[in-house]
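See structure below.
A, B, C, D and E are the chain letters, set down in written order, and residue numbers restart from 1 in every chain.
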Amino acid sequence: MIKISIQKKLHMAGGDGALNIDVELPVQSFTALYGASGAGKTSLLRIIAGLLQPEQGIIEVNGKIWLNTAKKINLPPQKRNIGLVFQDYALFPNMTVEENLLYALPANANKSKVQQLIEITGLQNLAQQKPQVLSGGQKQRVALARALVRQPEILLLDEPLSAVDDATRINLQNELQLIHQQLKLTTVLVSHHIPEIYKLANRVIRMDQGSILQAGTPAQVFGLHQQQGKLILIGEVLFADDSRIEILAQGNIIPIPTSAQTHSLKVGDKVSIHAADLSLQKLS
Amino acid sequence: QRLRIAAAANAQFVSQELVKEFKQLTGIEPELIIGSSGKFTAQIEQGAPFDIFMSADMKYPQELYEKQLTIGKPEVYAYGTLVLWSNTTIKLPVNNLIKADIRKIAVANPKLAPYGEATIQTLQKLKLYTQLQPKIVYGESIAQVNQYLLTGAVDVAFTAKSVVLDPAQKDKGSYTEIDSKLYKPIAQAVVILKSSTGGNLQQVKKFYKFLFSAQAKAIFKAYGYK
Amino acid sequence: MMYQPLWLTFKLALATTLCLLLLGIPIAAVLAKSRSKLKPFLEAIISLPLVLPPSVLGFYLLLAFSPQNGFGKMLDVAFNIRLLFSFSGLVISSIIYSLPFMVHPVQAGLEALPASLREASQTLGKSSWQTFIKVLLPNIKPALLTGIILTFAHTLGEFGLVLMIGGNIPGVTKVASIAIYDEVESLNFSTAHIYAAILMVVSFVILLTVYLTNKRLNKSRIAT
Amino acid sequence: MIKISIQKKLHMAGGDGALNIDVELPVQSFTALYGASGAGKTSLLRIIAGLLQPEQGIIEVNGKIWLNTAKKINLPPQKRNIGLVFQDYALFPNMTVEENLLYALPANANKSKVQQLIEITGLQNLAQQKPQVLSGGQKQRVALARALVRQPEILLLDEPLSAVDDATRINLQNELQLIHQQLKLTTVLVSHHIPEIYKLANRVIRMDQGSILQAGTPAQVFGLHQQQGKLILIGEVLFADDSRIEILAQGNIIPIPTSAQTHSLKVGDKVSIHAADLSLQKLS
Amino acid sequence: MMYQPLWLTFKLALATTLCLLLLGIPIAAVLAKSRSKLKPFLEAIISLPLVLPPSVLGFYLLLAFSPQNGFGKMLDVAFNIRLLFSFSGLVISSIIYSLPFMVHPVQAGLEALPASLREASQTLGKSSWQTFIKVLLPNIKPALLTGIILTFAHTLGEFGLVLMIGGNIPGVTKVASIAIYDEVESLNFSTAHIYAAILMVVSFVILLTVYLTNKRLNKSRIAT
């Protein structure tokens, strides 16, 4: 169990604010941090990692105390057993992929760990490359592998997938899921992407202005669930004449015959589209 | 524009006295610029705006005269005397310079300063030069040599008698006069420079004349010149 | 004989650069990391030699090094070391004189590195020392190169300080810049020409190297 | 009529490439440039503005020749009557809003033009402010107003709305539409946002790797039109058991009872959801 | 009398800074805009005074200004102007000597401005000149300030050059750095102390101002 209870003054966009967090993360849970830009997500990760000092608070990880401001305990980042994947990856440009991983290896540890992680993340062919020549997705894998070399108790991921294209994103999500399960990690992921959170996390913490707004399963927090067998989309009228109305709804242009009921709709009106009679078809 | 006198460094204190006296007599206050005779010669050849050049020897003024940069021939205004100045109160014979507790000896740059040239002649005559060479540091002129001694940078310095006789330096250390047979006589000559042909040639000539007057002679004498 | 001053100048520049590598890098590291209110004061002190007349610095060094006064006396009595009119004295004053030329580029290079590199190394369990040596330094090579080259070149150009505390001793303190002065004042223009041309060409080639390298690396700048 | 026919070598991500464009823009048309990052959209705008020189080409605007490399004609940006709104707005930080607009005024022009534009863009209260204190949306309006001061023949907009939040975005889109019509401009807009393009543009040019892939009306180019009265969404299976299947489709989680037909679907499968029986309801 | 060298130094620094504003800004503008292959060469030439011994520069200026040679002779014959041992000569040599201290910050400031500012002004129909005066210059005020302050301070510290081509003439070329040298040689250590202390304090205050301003503006750097 990881207990976090901290307070930290932050310089927020609209004047000074404070980060005020009180949560417990179960061991081997996969928690997503969600919230608007500036909500304090990165700050929270940095406080857990020991890179940022809260004014007041306690962090306790599986019985060990990492931080207790009252008792003046504050382990430096080096002594906290965490793996942090930075948003910009922070790979060391002077080292090859393999050297990046070897650097992370504790002095007397077995080098086979590095080989193993290179294989898990599929980096065999890139091991001797410098980070500059890697694509975004490849860099992300190296950063992940490097963070795992120390066998961390907590894996912290700061928007690791925001810079990659859709196809890569799906791939990396799958890998992340696999690694989280295989290595029995406790993972905290910052993400802006609701589908991603649904897919990966079993808990979401929704933050706003430094505070926790909501916490629970993705379904509880986002409530995107539609009624069973029904679908409601929100859209805007793009075109309307006597015979048909075109609605723009989430990237689709949906033409609907004009009825007596919808006769009065004008371009720019906001509407909800209700669909019943849903059927599914598998795409190959 | 004020009368400008370029005076060799050995004469820096005596010429201050001369200027003071000259001002009392005539009301004219010349500006004094101090440096090595060699450096002044180089500057004058490049057109430096000095009116009178009081050198530390005859060679440099003669060179300027031959290059037709002067009005009239160089004339000797005084004969200088070389002394060995030390930091301590004990008078030091030149021969003692070889002792180990004398670590640094300041000498004016012989290329630029006649007193430096005279020093080297002396040391060579005494067959001490090769032996003392590792201890010698060179000053740009007699002035830098004095500075090295008074800041304690060196233990002894070869300088002009007129320096150690200056009232301000009198009780600082002690000096030994160098036997005048050991170096060629330091015949210090003065010239009026052509670059002065502005409006104040009258004043220039007045000062030039004053240098050879009885009052000036007395001052030179007080500062150890012959 | 004629090349002695040049060789001496080269030796002085080399010694100064090596010493400043050892001294300047830690200072730059401290300044780059510091968020202290005192930082601008420290920066101003380190930049002082950039704007202070050499005669002021020279005067104070003359007094400090003189075996008659405090510091110089202590060195003389305790270690029998005299810094005035010695090569070591020139090295020390060159170190002071060229300090900003090493500290500024290295500090700028360190400050330009993303903070996440240092933090990543910390979260990987590495000490500040390991982080500095293995991660930070290897990634500011262009800045280090600029610092080394500028320090070297700037020491080649030292003049006023050496004039005041050097004593113009052939083979010991008569560096090329002083030799030129000497030759010019002695009206040996032809010798002065040779020295001046050599120093000019060497300085130009050094600067050109910096600018061509910087253009290629598109990074750190020479001054300001 | 604006004729553009240019070739320009570009340093593309995957080695060297070339911009190769040949289009005509009708007067008073509203054209959108659409395409992946690096496709050459900004480069094309810059070539029209005269800020970038193509190796070869012709630009002819309403009979006047702006560029003809064969005849060595190349009007400088100053002489091309264009209004360009930069992605970073490029407001002059040393001038107030009003001064920014006044600076754009030709030497002998009437100052009332500036007042008029300040009113059209609703900047009256901000006229004496420096750009730093403005919000993204406000900056965008100033940039737009400034670009219009010279009464340009062509208005070029480089992703002007990518930095503003959704509410502001809708507002600015409406303003843009109004101004385009009122001032009878010929407008070229770079946008990544398909609904925006549908809303504003009557023509789309879809670019890839420096070439035109497709050009036509938004409907022709994007083909997002659904069949009348029908809706097909593409999604991914998030959860599946005997009783229900949950599909994540464009931000919605849609639960559908499991049927014999859908029994074999697994988590991660891609599916299409078909809806019929659509009805509309106006939102207030 | 005692304050004449200080006043002269101040006058020299002021004149040099003003001239360098007029000369340095266009040079910086050209360099900032240039994409030419010759740019590193130009940059190296402009930075040369940063690393060249003052005695080398002094020697070449001596030759150039000497009424015996080409340029100096022409000036002398045609205009009856002699630059050696004159205040104007010092101003000219200070301009050369301090050139990099004005050009570097201004160039860096201009290069740091987003290209879109210039381009926006162009698309608004404004000439390069209008763009430069009304848009670019007003937006690099911190860099301009740094350039002005550093040029001023660096000219205060000029020594070797003045020693060689100044001739130590009271009220004309005897600036404070030379006066210190002179007072030390005349064994007036107390006067030298006063000059040195004044120059030291002024230089320090100037640098501190730069660093405090830069810290606040979090922009352009002093050197490199």
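Quick note on the criterion: a residue touches a chain if its C-beta (ideal position, glycine included) is under 8 Å from a C-beta of that chain, and two chains touch if they have at least 3 such contacts.
Keep in mind it's a predicted model, so treat the numbers as computed, not measured.
**Student:** What chains, if any, are shared contacts of chain A and chain B?
**Tutor:** Touching chain A as well as chain B, we find C.
**Student:** Could you find the two chains linked by the most C-beta contact pairs?
**Tutor:** Summing C-beta contacts for every pairing gives the maximum at C-E.
**Student:** Using C-alpha centroids, which chain lies at the maximum separation from chain D?
**Tutor:** The chain lying farthest from chain D is B.
**Student:** Need the CA-centroid distance for the pair chain C / chain D, whole Å please.
**Tutor:** Spacing between the chain centres: roughly 55 Å.
**Student:** Just give me the whole-number Å value for how far the CA centre of chain C lies from that of chain E.
**Tutor:** Taking the mean C-alpha position of each chain, the two centres sit 21 Å apart.
**Student:** Between chain A and chain C, tell me the centre distance in angstrom, where each centre is the average of that chain's C-alpha atoms.
**Tutor:** 49
**Student:** Which positions in chain C are in touch with at least two other chains?
**Tutor:** 62, 163, 184
**Student:** Hey, what residues on chain A touch two or more of the other chains?
**Tutor:** Residues of chain A touching two or more partner chains: there are none.
**Student:** Which chain B residues touch at least two other chains?
**Tutor:** If we look for residues of chain B contacting two or more partner chains, we find 45, 151.
**Student:** Strictly by the criterion at the top, what is the full list of touching chain pairs?
**Tutor:** Contact pairs between chains: A-C, A-D, B-C, B-E, C-E, D-E.
**Student:** Mind listing the chain C positions that touch chain A in their complex?
**Tutor:** Going through chain C, the ones touching chain A are 114, 116-117, 119-127, 134-135, 138-139.
**Student:** With touch defined as at the start, can you tell me which chain A residues reach chain C in the complex?
**Tutor:** Touching chain C from chain A are residues 49-51, 76-80, 82-84, 86, 88, 90, 92-94, 103-104, 106, 146-147, 149-150.
**Student:** Taking the complex as given, what residues does chain E use to touch chain C?
**Tutor:** For this pair, the touching residues of chain E are 39-41, 43-45, 47-48, 50-56, 58-60, 62-63, 100-101, 104-105, 108, 143, 146-147, 150, 153-154, 156-160, 163-164, 176-178, 180-181, 184, 192, 195-196, 199-200, 203-204, 206-208, 210-212, 215, 220-224.
**Student:** Contact residues on chain E for chain B in the complex?
**Tutor:** Touch list, chain E to chain B: 62, 66-68, 82, 84-85, 167-170, 182, 184-187, 189.
**Student:** Any idea which chain B residues touch chain E in the complex?
**Tutor:** That would be residues 4, 9, 12, 31, 33-35, 43, 45-50, 141, 143-144, 146-147, 150-151, 168-169 of chain B.
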